[in-house]
Structures are given as structure tokens and as C-alpha cells.
């Protein structure tokens, strides 16, 4: 009866990738703890980059800096 | 001071139904544990069917199969 | 397929009361949204009163003040 | 390694305010528990006012009543 | 920067199994979404069987019935 | 009406520190979004170090390595 909540930033996760996450998390619980897939819930939350902070800044700013660094290198 | 979080798939829950959930959950905590409604929070999260997995598939696929089965019966 | 998470302070909730919460929340989702009880999860989290804050104080302090007020009245 | 989840009603929180919440929560954990900002996550969830209940009503209704009371006073 | 929360019933999960869950969930996010393990959090919550309801009963009762059925078969 | 959930590893957080977190988070929501402290909940979850993973290992292992590195330096 596990409940798995995966929270990621909302940056274009496709339905196919979401399905891979659902399958992978369900299989993980089945393999490690012998949990029944029929009662394993996997819920994916996509969070706007303005709403996710790490290292005292939001991910919007982090991504802009990463993109600028990449461009500077090229 | 309870906090109740209800997560359901995003499949057309109406404002009236949401209010019923809020009233019902608040009354439940009041009746069973004598909790004060003034400090009972009920938060409803509506999750896209692509983002909710059960039995190793997403609810989008589950609903399509259920609809097909219903149609085949008719 | 709902997931209901009920968070309350850890102040002697009995197994019978927990079961009432489970039954009540399951029935609520069944009645309002026609959700199947077989795939309705209800999870109760009991939180220490030191770890729950409201109105800028913890519930331990709140309960002590409420008890003192009650005693003063008697 | 803290994880801070801030849930508020969706009532026009600006990106600048979100950033203040992220900075403030990160600084709080750093100051009180000496946690490293580099591994402090702050996630803000904005919840529709129809989906947030307190005192057995939703925040949509609460806000309408507050606005009417304010208008009556003016 | 994913956050993965795995909630399971508290029924003797070993430290080694917890580590397998942590590794498996981290690898899943890395493989499917190319997320950096250094900022992937996995948090496991173990919930008492009295506090977890499914199908309108708690898991304590469910496990007792499963054990009785198994014994009857033997 | 904010709800703030702070999750940290269970490594000896004192009641006084928890109170500082409660006060700080309440003040933050009051200052930035003008939220009423009377309906601001702050809930602190303390998670065992075996149950918290980051960078594909649990915090128990991380702490042991950090302690060994510190000792080697001394």
C-alpha cells in the first residue's frame, strides 16, 4: 500500500516520462518490499520554477545562470 | 488544529462538491476528536490523470480502458 | 483513488478513534465523489505538541494555558 | 538538508514575494539549526481559494464576506 | 532537485531496504529526467498500521485477516 | 491561513529551537504576505537519518563520513 510522491520542477516533463516514473517507482517498491502494484500510488507534482527554492534562490534564476554559463562557453 | 489534505484526480470536481468535502472533513474531526472547526484546515489537491499512477499505469489509461469496457457492454 | 492525509496533534488518539476517522473519510469520498473505498487511502499523522505551532506558539504552551485557565475558573 | 513546504492560497503572490519566502525560510533554517543553504529546499504551493477550507467554509466565501464587511464600513 | 516522499506501513523495513529505496528512487530520477543525485532528496515515512486505512479498515485488521487466511489454508 | 511544513533530520533539535522555527516561519508569512499568525500553522517533522537520502546515500552514512573527516583533520 505504498504512497510515493515525486515533486519536480515544471520544466516540460512528458507524459511518457511521467509513465516511466510511475512504472519505476512501482517496480522499486515491489522489488524491495514486495508491495502489491495494485495498491501502490505514485503521484507526480510539477512545481513552477519560481516556486522552488534551493541555495536561497529560485530555480528560474538558477536555470538562467546555467544557460548563460553554457552560452559563454560556446 | 487538524490539517486535512485530500488529493483526488482532476476530473471535474465542482465547487459545490469541494465544499461538501470541506464540511464533511471538518465535521468528522469535530465529531470524533472534538476539534474546533475554526482551526481545522482542509486542503484539496486536484492532480492531473497523467500524474497519478496506480497499478503501474496512469489514471488516463485506466479511464480510457474503463470507458472502452463500458462501450463494449452497451 | 483518493489519498487523504489527516494530521493531528499527538494527544491520545485511540485506535477506535483512528478507525472512525478512516471510515468517515472513506465514506465522505464515496458519498461526494463516488470514489471506490478499495482504493481510498487514509493516513493519520500524529504530531508532537512541541512540533505543532499556531499563532506563533507551540501547542504544548497553548494546552498549558488552557489548563491553567480552566483551573482558575474552577 | 531541510525541506520546507509553504502552502498559501492563490491570491496574487508575486515572484518577488516568493523569493522573499525562499530567502527567509532558508535563512531561518541556517540561523536556528545551522543548516547549509545549498541543500535547503523551499517549495511554495499556491492553492485555489475554492480548495482551501477553514472553519467549515472555503476561502472564496470568507474573502467575499470580508470584502462585504469592509464595503459596509466605508 | 527532485523531492521523493515514500510512505509505507511500519512493518519492519530494514536499514538496508531503506537504502535500496533511496538508491532506486535517485537512480530513477537520474535516468528518466537527468536529475542530479546530489540534489535529489528521498524521504521515507513509516506509518503505524493503525494509522493507515484502505478499503475502510486499518492495515492492522487487514494483516490479521491475511494471517488468519494463510493459517486456515495450511 | 498558511500551512508551513518543515522537515529536518532527527538530530537533537531542542524544544527551544523548534519554537524559534515556529516563530520565525510565522513572522515570515506575516511580514511578506500579511498573513494572520492566528491561522498560520507550522508543523515540524523530524525524520530519522536512515530514512533521509541525499546524493544516493542516507544521512547516517553522510554524518559518519563527515565525523571521520573531522577526526582525521584533528
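Every chain is named by a letter (A, B, C, D, E and F) in the order it is written, and numbering of its residues begins at 1.
One rule holds in what follows: contacts are C-beta pairs under 8 Å (C-beta built on N, C-alpha and C of every residue); 3 or more make two chains touch, one makes a residue touch a chain.
These numbers come from a predicted model, not from an experiment.
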{"item": "Of all other chains, the one whose Cα centre sits farthest from chain A", "value": "C"}
{"item": "Result of counting contacting C-beta pairs for A-E and A-C, higher pair", "value": "A-E"}
{"item": "Rounded Å distance between chain E and chain F, as computed from the means of their C-alpha atoms", "value": "22"}
{"item": "Sequence positions of chain A contacting 2 or more other chains", "value": "1, 3, 7, 21, 25, 39, 41, 43, 52, 54"}
{"item": "Interchain pairs in contact, sorted by label", "value": "A-B, A-C, A-D, A-E, B-C, B-D, B-F, C-E, C-F, D-E, D-F, E-F"}
{"item": "In the complex with chain F, residue positions of chain E that touch it", "value": "15, 18-19, 21-23, 25-27, 37-46"}
{"item": "Residues of chain B touching chain A in the complex", "value": "7, 47, 50-58, 60"}
{"item": "Residues of chain F defined as touching chain D within the complex", "value": "1-9, 13, 17, 20-21, 24-25, 28-29, 31-33, 35, 39, 52, 54, 59"}
{"item": "Of all residues in chain D, those that touch chain E in their complex", "value": "1, 3, 39, 41, 43"}
